[in-house]
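Chain nomenclature is as follows: A, B, C and D, assigned in order of appearance, with residue numbering initiated at 1 for each chain independently.
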Amino acid sequence: MKIMMTGFEPFGGESMNPALEAVRRLPERVAGAEIVKVELPTVYGRAGEVLEEAVRREEPGAVLCVGQAGGCSGILVERVAINLRDARIPDNGGRQPVDEAVREDGPAAYFATVPVKQMAAAIREAGIPAFLSYSAGTFVCNDVLYTLLHLAAREYPVMKGGFLHVPYATEQTVGKPSGTPGMALETIARGLERAAWAVVSQISEKT
Amino acid sequence: MKIMMTGFEPFGGESMNPALEAVRRLPERVAGAEIVKVELPTVYGRAGEVLEEAVRREEPGAVLCVGQAGGCSGILVERVAINLRDARIPDNGGRQPVDEAVREDGPAAYFATVPVKQMAAAIREAGIPAFLSYSAGTFVCNDVLYTLLHLAAREYPVMKGGFLHVPYATEQTVGKPSGTPGMALETIARGLERAAWAVVSQISEKT
Amino acid sequence: MKIMMTGFEPFGGESMNPALEAVRRLPERVAGAEIVKVELPTVYGRAGEVLEEAVRREEPGAVLCVGQAGGCSGILVERVAINLRDARIPDNGGRQPVDEAVREDGPAAYFATVPVKQMAAAIREAGIPAFLSYSAGTFVCNDVLYTLLHLAAREYPVMKGGFLHVPYATEQTVGKPSGTPGMALETIARGLERAAWAVVSQISEKT
Amino acid sequence: MKIMMTGFEPFGGESMNPALEAVRRLPERVAGAEIVKVELPTVYGRAGEVLEEAVRREEPGAVLCVGQAGGCSGILVERVAINLRDARIPDNGGRQPVDEAVREDGPAAYFATVPVKQMAAAIREAGIPAFLSYSAGTFVCNDVLYTLLHLAAREYPVMKGGFLHVPYATEQTVGKPSGTPGMALETIARGLERAAWAVVSQISEKT
């Protein structure tokens, strides 16, 4: 079995993206499943295209995309992607869409198909805070999750899809206001590994 | 040269104290100075007595006490200790003083004598958030810092004294409200080491 | 033209609901439109039934439901309702559904059909903080918004539907942790009036 | 009996100072005592001079200075002033002192002499959040409180002195990050009136 895990390039003036750094630190295998790592550009539309190509090439059993949610204190397990692009800052390609659809022909939203509560529990059991989240925002993170779930719904009905938002790496919080939470990259990577483990466990149980 | 670093026992229902855990992880020597580690009880008065005995025995060049400040996002370098005990929760000996003096014969406050700005800068240079703080509260942490600086002012005028407050360890934030910052114990320990380095540097420069 | 505005009974141990209190303080007319005020029970399913009966009776041009979002600092204009019930606390009828659908036959989500950005702008122009929100949670607030938009989609295609979340009233924050934002009930009521004004303006422009 | 209450001019790019606005809204008398209102410049040293002149002229029974503490959620009753100037931003006179003393000949700190716990309780009884605070910072607010308590200690031993920090007015939070607490000016003014009431009550009891 293959689990694809994706991370984004840095954006918004940051010199690193903790999601990408943590994905890079993941082991090659989790619970017997191969971890396929993919880097996505932080660009509306283009990120989804890169993801789609990778899915067609690798045909993974599940895809877990990972993004930075600056300001959150724990790992957020996203439950919903909405059919909306609405950017407060330009993406890395300089585009800043306002109130556009991700897919003109798509429904208002998709629910993630990975076992979100088991993932959050598995992360917490490793001593890492995790929370369910009901909005992945309207920036490129949501765009990619929507695109993934749209693709799965139409062409890969067995493939599971989900998204994890991670805090700033500790070093990113230097110079930011007091109260801004951070997390060690090693801790983030361990959390992602636990989430992948929960996904593999569920898929394995069913087969 | 000896630098004494102290940590407190757990309190307030927590099963660990990140200050003590991080102090335990410190190396034996920092910048050539010996690190003498001391565990303090989280008990008004008694903590200061244990500290005073250790100072008389070891005669360190500087003392850095370390305590937990649940909810802070970075390492706090304290600048002030006040002559006040006012507890919202009982200490580990069951005492909960209200509006008492630490020392009836002492002044309203003492300033820390360690190089607080250099310590904060040294911590940040290691990629760890640090902030100056102007209140160590009115619980046992403030009590110990006041007692230390009172002792230094009267009997050990060359000995430097300071206090660092550290965030919850990441694992302590599991089950706490979303938004509660944590920090990896390894990161906290690295920050303390940087602070000790700044103290040793300043003392060395002057001699 | 009629604008229906709803507020919920208190829940979660609070002795008041700032949404209901603020709705009660609204004037009888806003920008020429009649304001029809409806109190909803904080009970899954039942809240939607009461709303549905009121819609059939009054046939308003728009419905703005209002709920408490303890901890937020501004008025939140909700953009999305999802087809999910997942309660951390029991509702006022003692039910605590976990991972249920609002409507088995409904889509994953609906977008609000009121002019959300104009509403937020109108509130801010009155000196009151307002933010767009992409999740109304999974408690009774989301339940009612989903039910409203489902009803509109199927039977009242011209009727606009939306939801506003409001902060704690200032008096509710006494005894809560430092940092918990509140807002004066008068300010909340003024913000709701501005939101209603933006809705009436948009409907009027189109006719 | 006279109670002097002071507020500062706006600073730090704000177009208003909620402390000054709230002081202006206070009634002429509270609990039989005359309220003397004084506006202070937000300038190190000069603020204290203006205050000192007003004290010599009016000879009040108590002085309550009031300042803005942007980001706090309740009214803060300050307990301590320290002998330190350390500015992150220039004052309104363009000065930005670093690690200076307020008074070269003064002690490290003074405790406020007003009944801080009764004041906080009186504010909360009016449905307004209030907290004790152990640091008034190192900007002009602390400077004025230190100067006041230094003056009282040396020349006006019967005169009580204290300081209240207040949140942003609600309108100031528009455009600031989500989560920034505000408070209605009417609420702030009511809280200040309650604090003055507690001060008058204590003075009256003793006479």
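Keep in mind that, in the parts below, a contact is a pair of C-beta atoms (placed from the backbone, for glycine too) under 8 Å apart; a residue touches a chain by one contact, two chains touch by 3 or more.
Predicted, not measured: the structure shown is a model, and the values here were computed from it.
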item	value
Other chains in touch with both chain B and chain D	none
Remotest chain, chain A as reference, centres from CA atoms	D
Interchain centroid distance [CA atoms averaged], chain A/chain B, Å	39
Whole-Å gap between the CA centroids of chain B and chain C	48
Distance from chain C to chain A - Cα centre to Cα centre, in angstrom	30
Shared-contact residues (touching 2 or more other chains) in chain B	none
Graph class of chain-chain contacts, one of line, ring, star, complete, other	ring
Touching pairs - complete list by chain label	A-B, A-C, B-D, C-D
Chain B residues within the chain A interface of the complex	72-74, 124, 127-131, 170-171, 173-176, 178-184, 186-187
For the chain A and chain C complex, residues of the former touching the latter	79-80, 82, 84, 99, 107-111, 117, 133-135, 137-138
